[in-house]
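Below are structures written as structure tokens.
Next, two complexes with chain A in common: one pairs it with chain B, the other with chain C.
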Partner chain A sequence: MSAASPLMREYHANLKGMVAFAVVLVLVGFAVTGSYPKTMLIFAMIHAIAAIGLGLLFGHGGQISLCQGGLLGLGAYISADFVRLLGLDPSLGLIAATLLPAGFGWLVARPLLQLSSHYLAMATLALGLILSIFYTQWVWLTGGADPGISNLPPFTPFGLQLGSTNAMFWVCAVILLLVLLVAINLIHSRMGRALRALRSGEVPAAALGVDTVRSKVAIFAIAAGMSGLAGGLYANFTRAFNASGFEVGLSIDLLIMVLVGSVRSPWGAVSGAFLITILPAFLEDFDRYRLFSYGILMTIIMVFMPDGLASAVFDGVRALARRRRT
Partner chain B sequence: MSLVVEGLTKRYGGLVAVDAVSFTAQPGHVTSVIGPNGAGKTTLLNLISGVVSPDSGSVKLFGKDVSGAAQHVIARAGMTRNFQSPQLFEGMSVLETAMVGAHIRGRCGFLSAMLRLPGVVREEIELERIARDCLDLVGVPKSALDREALDLPYGLQRRVEIARALAMQAKVLLFDEPAAGLSGSEVDDIAELVDALSHQGKVVVLVEHKMDMVMRISDHIVVMNFGARIAEGSPADVQQDKAVIEAYLGIEEMADA
Partner chain C sequence: MNQFLQILASGGVLGAVYAITALGFLIVYNATKVINFAHGDFVMMGGLITAALSSAYGVPPLAAALVAVAVVAGLGVSLDRLAIQRARRKEHLTLVMITIGAASVFRGLMEIVVGRDIYFMDPFPGPVRITLGGVQIPGQGLWVLAALVLVAAGLWFVFRRTLLGKAMRAAAGNGRAAQLYGIDPQLMSAISYAMSGGLGALAGAVIVPLASGYYQTGLYFGLKGFAAAILGGLGNPFGAVIGGVLIGLMESLAAGYISSGYKDSIALGVLLAVLLLRPSGLFGSSEAVRV
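Take a look at the complex of A and B:
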């Protein structure tokens, strides 16, 4: 019934991509045994979850945000405090780390999204700054800048011992795949199309009955929820962190991941997250040249691969496959 | 009466862009709004479709007052519009574009879409069927469905935009110069299409500069100049109206004098 439809074919191609990605994650999970590389992979997956949300917001909803790092922090503190202060199961903490930031995003989105383009960028930047001030000042909830939160108990949802680096790899991999699936589902739906329509033009989209305000608020909340979930995983994995981890730099890194990968596709967010998280580990003294090399990387990508690195790679592979066939 | 516009007024500073314009449009009829450039025709359409809120006056759609309502509320009440230059969506295929038109005929929200509940897939198939039917109806070839809508030739873009409006199943269609930028035979095709839609029982409001098209397919014409309605009637009436002739051919008045 659906084989003839190009849209269904595209959706199923994405599902096949997900199966392939899952296989790669399993192979990598078994092949990589060192604690340090595995830690880097876990951070990459955590960033990928937040970046997928930002990719939906920016690439599909057309709304820029420079507070995703702050929202990631919100998830981290909520997740930690559910366990630390309320003594609840870490699984509940992780759920709350998704839902509460989503609710917070929903509340702030209405006033924020009255703005657009660089005004919106500045307003979200300000929100990110306000959040990080709260994180340093509300010491009873966050531990402040020093020492922050330390000695969070290992991740043991429902009493399962999942706190080790090895186990956290699989936890993050499963959650990343679920978030990826949710994003692909959304993109290939009536609501995903409505978002892309309003990104291109709010007036024609609204003329077709798209509730542009509600749609923008919803996608902001969804992106906030994904950032919060990433934060929850971050808290449970590191078990010790402080407010300096959620400053504006993280928001900018997340945006760079999305831009480097591809704003159109969650695969871009994932590849950007892996690249930007793991690449610095291979380069000594990278911190000193970080911003410089990001600048060059961004310029090259913007000029030669306007759809992002992931799209360029996909197109390249497709072109190669075609050449081999003929 | 399906669309009743009463005393619609919009001021921008000292300029009265639309000055107490009233008219009614009925199903099965093409109601055209004509007038020289700057007469306020597009502003009138913006007021009716909710892009701009009127300062005074009302718009009633099937007896329901929608003046000043949000655009999407008006759209859901059964009225949509086309734009002077086709407003297709960037990066979207022709099929997807028409499916956005069918947006309000689906029900799934963000949550059910993200979880892709069983109803969602069924709905996707239904929306795609509606979109394909509408594209077929306005004569967009099947080979174009996968192409990016903005890559199509101008005439086809116009058709895609009309198909998108039809996919909504709106009962009232506002056309803002649907033949602008088209050549001879394409104009005839669009005129035929607009005429056919009105014969199918749609309420059609047409703003157009191509006079032979307007005179051929209109049942009722409203003439505007400097924001105000200066004449109204059948094509034959309007063509003989002194005020209309003056508005279009102001020089003649001077010649007479």
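Take a look at the complex of A and C:
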């Protein structure tokens, strides 16, 4: 493929975008000093990591999943229990929080992904609920619904003191950038193109030599791993959480983050995660209206702009600009 | 032995509620081929509105239930008119996502209008409990069973004996052809959502005196109702009733003999097992569920 092809240009634009995003994160990291705003930013980055995975699965793989919140919980408990029960280094906990949920995703994906859209949605919803039932019942591993896990030691991988809010901001920022890099490279890899072909039709994709089952299973496992990694970061940052944090509502929230941004690009998931996580902090008494307004938002987006809100706005602006030029 | 029969009796009552819920799923699925993820919230709203009206405003239970059924049927129609119909030419996944968004809307609506309180209410009029061969059945359980019989007979009559029912079946079978005969498929879709909303609300209203009304319960009603529908073979009303009763019995047995903490996972496990192993259910035609 020549360097000037549109795909290659898009890839380079994405890499430039990453550099710009890294600069913004550094500036924000130094500019924002308060503990509360920084906490919100950390949560936004954690959500972004999980949302990038879901965006790949939903936007590129065309597969719906309503168990990403449960998988995030899996990562959180694995990460916490590696440190708490096994006494291992938190870095190992974080790695396991990525690999084990990915393995779990790989195992369940093969049977699940044979189902068509609405059955897959139901099945992943059921799976997410089963996970949260186990989180409340397996008290020896999870602490249950109350008190859950508390007093997890601060994040000190290889003995480095990274437990403070400030340090966790940089940890999450670096990991978010790495996840973005993986996502962008994935989209522009052979598998990304296979998935794109798959989304527009499974049979033609298969006819072109795409191993449809393998591609779908792989993307499900990758999305699960990213959710788990987000969960691991969540556990190490909050150091106290319980099973109520990983219910189906979280899965829906992650889905809304992807939809508010764009289903076609990891940047959509990132912007959606920042918007949905940080915006409510500015709205007074929002908690009461949260479910209702997010539901309305999601319904409107799906009825009028199924590619995502930011995507639709972006396309609209571009179309206007083009019209003005001619 | 007595305890076993007692568990069966309460499982049967629960199963009747799941059966009515499953029938509601079925009506919309048969008419539009959409699985309505907000259906469980129809059940939740039916129960919550009935309980809130009755306990907070002193409305007689039956009148409260009627109001709830009417309100939820109206909400069902608005879901169809405002969202589903506007997106009816989009891909299937989009329609599924719309109903997931709608579920959140209904939950949020109840959170705002009714609040986050848990509502309890007195049973419907009638005997408090009857004893049958040493097994006690709450009077409300009779209302639940009566509701199932009424709904099943009513649906059979509507779909087999009336012009409206025949029109709905025709529109579901082949929309284009039905349209040529003067049947308006959009009207049929709206009617199916109204019926489904009304049935869901009825299921919620008859069970709420034995349980409680709370804005977060829709998810479980939805999944169990769907588990019942798919166990019976999605699309088959007879199967849906059997499926509902089976799910209710299994759940009751699990709560009685295993652990009440895991009782909800029974229906979920059945749902996954049926989807993965035998997607046509117990009585379904060999419909191609898999891709």
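What we mean here is this: the second predicted complex is superposed on the first by the 295 of 326 C-alpha atoms of A that agree within 3 Å, B and C clash if a C-alpha of one lies under 4 Å from a C-alpha of the other, contacts with A are read in each partner's own complex, and residues count from 1 in each chain.
Rule of thumb we're sticking to: a contact is a pair of C-beta atoms (placed from the backbone, for glycine too) under 8 Å apart; a residue touches a chain by one contact, two chains touch by 3 or more.
Since the structure is predicted, the reported quantities are computational estimates derived from the model, not experimental observations.
For A:T136, select first, second, both or neither according to whether it touches chain B, chain C, the two together, or no partner.
second
Given the touch rule stated above, what does A:Y119 touch, chain B (first), chain C (second), both, or neither?
second
Could you look at A:S5 and tell me whether it touches chain B, chain C, both or neither (first, second, both, neither)?
A:S5 sits against chain B, while chain C stays out of touch.
Taking the superposition as given, does A:R288 touch the first partner, chain B, the second, chain C, both, or neither?
second
A:G192 contacts which: chain B (first), chain C (second), both, neither?
In the superposition, A:G192 contacts chain B only.
Tell me the contact category for A:G209 with respect to chain B and chain C: first, second, both or neither.
First partner only.
Tell me which touches more residues of chain A here: chain C or chain B.
C
Tell me the contact category for A:G201 with respect to chain B and chain C: first, second, both or neither.
first
Go through the superposed model and pick first if A:I222 touches only chain B, second if only chain C, both, or neither.
Only chain B; A:I222 stays clear of chain C.
Write out the stretch or stretches of chain A touching chain C in their complex.
62, 64, 66, 111-112, 114-119, 121-123, 125-127, 129-130, 133-134, 136-137, 202, 248, 252, 255, 259, 288-299, 301-304, 306
What residues of chain A sit close enough to touch chain B in their complex?
Per the stated touch rule, the residues are 1-2, 5-8, 182-183, 185-186, 188-194, 196-197, 199-201, 203-212, 218-219, 222, 264.
Write out the stretch or stretches of chain C touching chain A in their complex.
34-35, 37, 83, 86-87, 90-94, 96-98, 100-109, 111-112, 219, 223, 226-227, 230, 259, 261-262, 264-265, 268-269, 271-272, 275-276, 279, 289-291
Would you mind writing out the residues of chain B in touch with chain A in their complex?
Residue list for chain B touching chain A: 49-51, 70-72, 75-76, 80-81, 83, 87-93, 95-96, 99-101, 103-104, 106, 108-110, 113-116, 120, 123-125, 127-128, 145-146, 164-165, 168.
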